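Next come two complexes built around chain A: one with chain B, the other with chain C.
So, the complex of A and B:
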């Protein structure tokens, strides 16, 4: 009845990937989100659109471009070769980079919405009290937008766990390196091992439900009820 | 900085995407035939085909449709996926698998019979590289492990992947080569990994091999023959177009076409 060793490996790798990606995205997504929430620049529209692109693009488009760009004839591939890093497709870090693109909107948009919901007033009040921008960020923005940050982390994590199409295209199915849980399920199905597919699928279903349950319970308790994804 | 970075990235991707159109054109194109509305008409047969057989299939359909008034609506995919669709009620009439296991399983599921089944092609495996210097029509490159990544179809379910594993086992290179494996979900994806240069070389179907690059025509003694069976599904027994196409595959004309794509065929009915 239990999961096989390679199922466990796949789950472990999936968690490692999702954790790494979420951590990096929280660091690079936060300044982008705050900038998008506050700016009046004409670039707001284009950057918003770029960030949201992975929501509407088929993963095959992203996977295809990444495979070409990171390949030996692609600009990214030539750069990584020059830096002595080798080629990124079929490696864990290749998947990390692909997932950064793929999960970006799921991290940026909740933070952006939460920061927009705070409005100008608390920040202006902080400024009149001589608070530095960094102080304001840590003592005003983070506490007030906390549910947004939590939503962002949960969604970024869960969405990376659910990634399939891009990994299929650039992963190469290497155990402990690129063979994540969704690929393992696909393998089970292709090999007509339907009971193995059922077991791992049930784990994924349970995980996704719990992640979303957490998300919605945080949102209920949070200040702003306006967090939405996709706009 | 943080503004220009995403922009730059996307432009790079798009610019490069346009540049590499020649790669795009080697990708399999979805058959326009599948887009025709597949209504059930006895004049029109729905055929599911393993992805390694795309090139000969296109030619077979063209020749068949020229001499009959029937139409073939074709779907290409990995055999495992097609099989799963068929046993779950997909409305195909004929199934050209990449192996014998799936047609056998179809018989066990009582949606086809052994009397309506035969080997239409025997696949041949080659080791190919897009780099014209890498392979000198011998296994030397494998023995010297003179590469970073080697692509093969997933041996767990793809017959061409199993054949590749047979070869590596015969050469006693399994353990040494395994860290360098990248596995495609089908032989087509193994080819795509190799053609894009992301894998230095790969085990592919002879019928897919482009004229450029370098290759090793692997002796058949090194792997179990890749017998590919076709089965007329019970669903298609009443469809005259399906029956006609199934019979056409046994004709000498069809066998010549299949052979011209580097498959072997049995000249006597088996």
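So, the complex of A and C:
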């Protein structure tokens, strides 16, 4: 195909970022999703809104606030400096944290919808079969909500791959550190290297199509048809 | 609340719960005891609190307050609330609630793995064959009919080896044909597995077929409880069940009359002629005689078409001045049956306790 070394680096970095973010989001998104699906607390509305904010907010706004917070005068920045971690903006882990916020709704909402669709009935049935809440979570909730979990992982991954604005705000353009594929394409275009932009864009287009194809083929089967992108 | 004698009262529930839904508040306030043997039916109209009572006993209503004891084991009191998964119950829901992601076999295995006692292979096979589900083991729940689902759900509940089996209208969601498919399995359960069963129903017919003990609920309170015969022969049966006032007796087939196609059923020194439905000799029958189907006369009316006429003695007359009818208890040798007659007839015939009387029994329902 003729991708340059820096293209390959950008793709590799993008995959590493998306993989890391998806993994962390599945771990922290699941309890949030289950809480949102089950709670009757008044906090449900505000938390739901907070989780969904990245869906409507321009990535630059989110990126801007995160930049301030993680900067040398921001609360997060001061904390990371005290812990000896240095400042997070313009680092890979800074990108990871920004992406966690940015992709959160794409992971939380499919899981939340799946858990809501299961309802209380199978859980009560499990309880009468001597199954503790944790046991029920692993052997009833997860298998029944599996399509929701798969959708969440695919969407979280694909959406992180597709980031641009927030990366630009937080990460800038450092090769091997923060220069992801979308930034690399931007650079190609800036430098008027249209053929380079074409090649990488084609890779991204192909990837996105396959990711969505996978998603919809899962959704076609049974339960998952209830879950929509972005809730 | 009328309370009749209960044999071996080992399960005691004294519960109160107030549940709020969008439109109204429902209050359940119950004090009931039932034996740790046999089938106890909870009967009541829709909204009387039957399902709520079961859910409280199972530990599925966390708002329930009160005491619940199974034998000497406390499930709930002021300080203790055992969650559902720590109570040794099996629960059969109205809607079966099989796990959709597991096939029948794995639904059963879900219970076997979490069972209160180790499940031996022989017991597993006994349950599977008792409910006749061996051919369904590899099916997914969505491939099963309503009746099949319910049979699998019953098997699953048995495989947890509960100390108490709770069934919430297991037949309610089934059509009549399916009901008759599942009913015999329910009747057989009790004999096979020697386990107390708490059975909710709004069908008097089902209850009379299955139960030994009955609790009638009305508006979240116990209206009447006791042995099935005492309850249905009781004069204080709630209004909704007045028409169901009846005597339930056990009789044995002692003779078959081929010519008239009749069988003779003997009970407590009396006999009845019933239609021959191919019952075998010596078979024990469960019969129900509605109080409405018994009329009384002062002498034996041989010129009547009523085949079953038995001489007895009036043991009690209960008159409700607000209604047209009176409930007369007649002693037939060792058995008492009830007859519902008009107050006017009681007056016209000068019926009194101790009088000799002929009971004419128009119809007898053979329950099993």
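Structural remarks
Following the convention adopted for this analysis, the second predicted complex is superposed on the first by the 227 of 231 C-alpha atoms of A that agree within 3 Å, B and C clash if a C-alpha of one lies under 4 Å from a C-alpha of the other, contacts with A are read in each partner's own complex, and residues count from 1 in each chain.
Everything below uses one rule, namely that contacts are C-beta pairs under 8 Å (C-beta built on N, C-alpha and C of every residue); 3 or more make two chains touch, one makes a residue touch a chain.
Predicted, not measured: the structure shown is a model, and the values here were computed from it.
Superposition of the two structures on chain A leaves chain B and chain C fitting side by side, clash-free.
After overlaying the two complexes on the shared chain, residue contacts for A:132 are found with chain C alone; chain B is out of touch.
In the superposition on chain A, contact is made by A:50 with chain B only, not with chain C.
Touched residues of chain A were counted for both chain B and chain C, and B has more of them. Legend: residue contacts after superposition of the two complexes on their common chain; A:174 is shown touching chain B, with no touch to chain C.
In the superposed pair of complexes, A:124 makes contact with chain C only, with no contact to chain B. By the touch criterion stated above, A:144 is placed in contact with chain C alone, chain B being left untouched. For the three-chain overlay built from the shared chain A, the minimum Cα spacing from chain B to chain C equals 24 Å. Under the contact criterion defined above, no residue of chain A touches both chain B in one complex and chain C in the other.
Residues 2-3, 6-7, 10, 12-13, 16-17, 20, 23, 78, 80-81, 83-84, 105, 148-149, 151, 154, 156-158, 181-185, 193, 196-199 of chain B touch chain A in their complex.
Across the interface of their complex, chain B is touched by residues 28, 31-32, 35, 43, 46-47, 50-51, 53, 64-76, 86-87, 89-90, 168, 172-174, 186-187, 189-192 of chain A.
Here chain C touches chain A in the complex through residues 58-60, 83-85, 89-91, 93, 95, 97-102, 110-111, 114-116, 156-157, 160, going by the rule given at the top.
Chain A meets chain C in the complex at residues 121-122, 124-133, 135, 139-140, 143-144, 146.
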